[in-house]
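First subunit A sits with subunit B, and in the next complex the same chain sits with subunit C.
== the complex of A and B ==
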């Protein structure tokens, strides 16, 4: 049971679950939850899936909700029960990590739900009720399509256009056109392109400039933008992007490791953004991921584009037996 | 997540507001039967909700289920959003109510400004703001709003994003370059302000030779004040790459860099910039290739040792 202070995360419980489940997997400690408990997690995740009904329009609401806050029976309230793309992504990934075979996922419905969120500029919104649209949700869409082996969930050329026009003068990628280059959005764009098999939209020169920008982000740990303090989660966002672009070997691992460990809390074991700060699930998870990228003993290797252990990514390959 | 709720008593003492009365104890809500959350057995990441949270959301579920859109529900959504401003469905419901009751949206701008002030890094509060401004078709309060927020956190991505949306959508670029000047003056290392500068140029003057020349002068002045400031160097690189001569073809810039070297005024950013200049020439120029190697060695062994592996690698591959 999480304390009342986490109420502000009420609609993102699935994401918290993902941080815990994938985090335990990377720690090679998923077995510390017994089989029944893991099954309970699987059932809970499936309970958040939205199925289409007789109404054609209902297909575009499909996917997963982050919580059951508004899981209601009444027909009138249906339009408030739609999937959230980040929750659909973390639901699928969590299911794979837990050993589920995705057989109860309504794949065509999930894909229709994703497609409904794409905007005319190529980006994605998070949900149908009205939300911001940016690079984060392109990543979510790409992981979902890759996982379900069905790219009809996105208009790929449109996505490519959006990513290209979000390349800033600094040489890295912003949340959208004209905005400031950022380590998080750069990860989202590059990981999505890798999953799409379309990294080639950038020239060698552009990729070299990007690699340079990414390497410059190391202070001791990594920062997300020039002249910002280093922050645990960028050890993953920037680090994983460098790995995808084959330049991670040029980072200073000793300094990075020291920084990440300096943000770990003695009492809870969790990691925080900065030293002497409050730890939280996101930074704890990405702190672990950052350590894993450096080959920290006892931690599983990570698939950088999918953001899950290589073990889990291999399991995904085994269960992807359906026709695309 | 770090904010904690104060109890009703504390609230009376601190903010002199009347204590919160649970909805289930309110006479005017007696007609509504609250609906508890329907989580499955053995749910994970369950939250130990406060009494107030449970009460507010139980009533919200009840009115949402029957789609009541009224003033009292509008007030209820306010309580729900104060408890969890990230609940995007509540914001959606709230917008439906505003539309349905034809509420004066200027009133909503006041509420929205308050929420942004309290939760400046929350995505939903900013999206709601954008939605209301679109509904109103009036962006006149937005420059002031974002300026105030940037005074509090000059690098808040949300505030910059909202501001860029406003000035681009409504063509309000007039004062933007002055804002950039002021913000860079206040903090020369504010990368967001430098980015905004580039954004404004792209959307207004473009990168004509005259404009670039003036901006090069400005940027070199700023670099002289802080030669380690990557933001200014990146901006310089950015505008030069918009010209036909590229990064290596600006005599003023080249001379400026040479002078810094000659006066032993060295920074990793300066040397990295010179690496880029010489890299651009390296294909046809043996001397430039040698220069790249020399600079990389200096960076690796002395000036930027944290990246020594990278600089050594570049030196080998040139």
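== the complex of A and C ==
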């Protein structure tokens, strides 16, 4: 159930669920949800999985939907049911965090669904009906392939080309070629490369320039681009990238922490983008992640490339016993 | 979901709002239900368009609804006349505009607008440029809009040169420095490529661009984008050096081993020739910059001629007290004269700017990069001074500047060491403010020969980048910040292949009490 103000996100409920589930996990509070409740959540997620039918084409639509808003009954209308790459990603991650073993995931179908979304320039669209294509969905594709241990979900060299051509003059990475470097897209690209094992496409010099750009994003909290105000979620996007590039230790943790806590809402709880704004699940989640990066007591350690707790990441490793 | 301000309301106002919301939810659910029911029913296309329009105007991010509209428009394209199509697309474009008024950053609305305009028999892409201009006036950092601007310019048939002129206008307006610089950086290699193929940008234009940066920097030294742009212009991406293969800087031939270290990452192994014959053996990449060969020559004193051949040049080795060696002098390394002059000119400008605005950290930082690129030895003292100043002006990044200091100190020591190789056996890096161990991998020969290493009185927290030191007998790590983290320092030392180590000091460190020196030395010698 979601409040009316979040109507905009109706078709992306899985993503909101992920913020809640992973957030609770990081707060060490997931165990306090009773086992039945967690099982219910797992069932709900599986209900959003799209399975292939006898039609060969149907495999391209597979993955997970964001909500049952578009769940259709008849076979004819099922050709309108597509997965959304970000929902597939958050579905898989949520399942792992909840303790599921992914045994009911149709791995080959999900992977084919992801591959069907790759564009000729290497980037990914979100769903088969057509959408914008950018770095966010490359990250989603990378996590999915890594999780299911199946890299046939992407043409890797093409992805590397897209990432390389999205490097801006500033030395950091944009949503796509020709655009401004941005903290969010930089995280998406670097995390994807780490998962792919391909960080080596950048020279030491390029990485040093990137590190420099990232470190310059701290103003108290972190900003996403030069001359923009700091925003809680960038404590994760920029912070996690710095962790992956082994430079997080050069940030000022005190100022960062002060900023994140200043965006905390004392009445409703949660964090917001800026102080004195309404809190929302996204900023609450990334605020927690931002605090976890600096070892805040009471919070679990995060696996920066997978964007989930280290505990959950270890569990994933244990269940990945499938043959490639 | 981003950034809505909290507003306090009375109870009565709250009740009214609640009722309104309930009604909205009811209407939304009804509309969505109907939409799902009639999907695919071509006869009800008109109703579908009305329904989806209603929902989208309030909620432009339901991507499936845009998909549905796209399906309908594709079927329209087959049936409708050009005139009808034109009207339909115009209305559709207006719909996206309404949605964008609601949310200027809606991925869906921008995407759909670009998509649908392609279906118009006579799309007015130049009008789209004007739309972008308006939106950018409200938010010059809206990258959705910049992306759309590029699309519109391309569709308008603007050549890269015309687009370049567009970016010129934007910069002159002081319109959106960040994005405009960026736009420009992508166009320059297309509009003004170097005819010789040596660099990315043709030299005169390159100088002009540097001039632009100067103006920007003098107008507002705190505008970081101009500094980043300058760094790009002066950096490897734009310069000749990028295109050149890695050069060998140091070659050494001993009785059982040969080492070649390069100016930058070398993917190809070198070749070694002794008295006209290739030396057999497998070259291994010890690190990105260093290749090593284990061979069976034995006594190297009788060799008449030894030569190393690489992609980036060949070096002839000369006899010395430690074997056969070749070392390349600093100066003939990376930059040619033209580039050097440019860098020196830029450094002069920085220093001039500092006299006018002495507290601008960007100027200091840029000056540091320039000095290191021009002459590590000449500018060492000044670099250290400027780094101190940076820590004062920008304490948020003190850790970063300290780290840069370590890097530059090592580069300085490196420049002194490889030149005179008699000093290899005993290396002192004491009291150097080192917080990290950089470039040790490039001190390949030193590592091979070094018997005594003094790292005392520094700020090392870990020894993570400690290289292998097989000849080391004496190591002083006293008075550092070596971490108490259990097993960390231990592990670092084991990874360093210290099989010859006889004497080790770690006193005055947080980890001092944790390490049993005798025990450790015993374990290390077994590896």
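Please note the rule applied: the second predicted complex is superposed on the first by the 324 of 324 C-alpha atoms of A that agree within 3 Å, B and C clash if a C-alpha of one lies under 4 Å from a C-alpha of the other, contacts with A are read in each partner's own complex, and residues count from 1 in each chain.
The criterion applied here is as follows: a residue touches a chain if its C-beta (ideal position, glycine included) is under 8 Å from a C-beta of that chain, and two chains touch if they have at least 3 such contacts.
Nothing here was measured: the structure is a model prediction, and the numbers come from that model.
When both complexes are superposed on subunit A, subunit B and subunit C clash. Contact with neither subunit B nor subunit C is seen for A:298 once the two complexes are overlaid on the shared chain. When both complexes are overlaid on chain A, the residue A:280 reaches subunit B and subunit C alike.
In the superposed pair of complexes, A:218 makes contact with subunit B and with subunit C alike. Once the two complexes are overlaid on the shared chain, A:197 sits clear of subunit B and of subunit C alike.
In the superposition on chain A, contact of A:157 is made with neither subunit B nor subunit C. Residue contacts after overlaying the shared chain place A:40 against subunit B, while subunit C stays out of touching range. After overlaying the two complexes on the shared chain, residue contacts for A:68 are found with subunit B alone; subunit C is out of touch.
Of the two partner chains placed around the shared chain by superposition, subunit B and subunit C are both touched by A:180. Within the superposed three-chain model, A:126 lies in touch with subunit B and with subunit C [touch as defined at top].
Only one of the subunit C stretches 400-408, 418-426 or 508-516 carries C-alpha atoms that clash with subunit B in the superposed arrangement, namely 400-408. Looking at subunit A, you'll find residues 4, 6-11, 69-70, 72, 76-77, 80, 84, 126-127, 129-132, 168-171, 175-176, 178-182, 212, 215-216, 218, 225-228, 247, 249-252, 255, 278, 280 touch subunit B in one structure and subunit C in the other.
Of all residues in subunit C, only 1-6, 21-22, 24-25, 28, 32, 36, 39-40, 58-59, 61-64, 67, 70, 107-108, 110-111, 115, 141, 143, 146-147, 150, 178-179, 181-183, 185-186, 223-225, 228-229, 231-232, 235-237, 264-265, 288, 395-400, 403 touch subunit A in the complex they form. Interface residues of subunit B, counted against subunit A in their complex, comprise 1-5, 35, 37-40, 42-50, 53, 57, 61, 64-67, 83-89, 91-93, 95, 123-124, 126-127, 130-131, 155, 157, 160-161, 164, 168, 189-192, 195, 198-199, 202-203, 229-231, 234-235, 237-239, 241-242, 272, 306-307, 309-310, 313.
Partner subunit B is touched in their complex by these residues of subunit A: 1-14, 16-17, 20, 40-41, 43-44, 47, 68-74, 76-77, 80, 84, 126-127, 129-132, 168-171, 175-176, 178-182, 212, 215-216, 218, 220, 225-228, 247, 249-252, 255, 278, 280.
Touching subunit C in their complex are the following residues of subunit A: 4, 6-11, 69-70, 72, 76-77, 80, 84, 126-127, 129-132, 168-171, 174-182, 203-205, 209, 212-213, 215-216, 218-219, 225-228, 247, 249-252, 255, 272-274, 276-278, 280-282.
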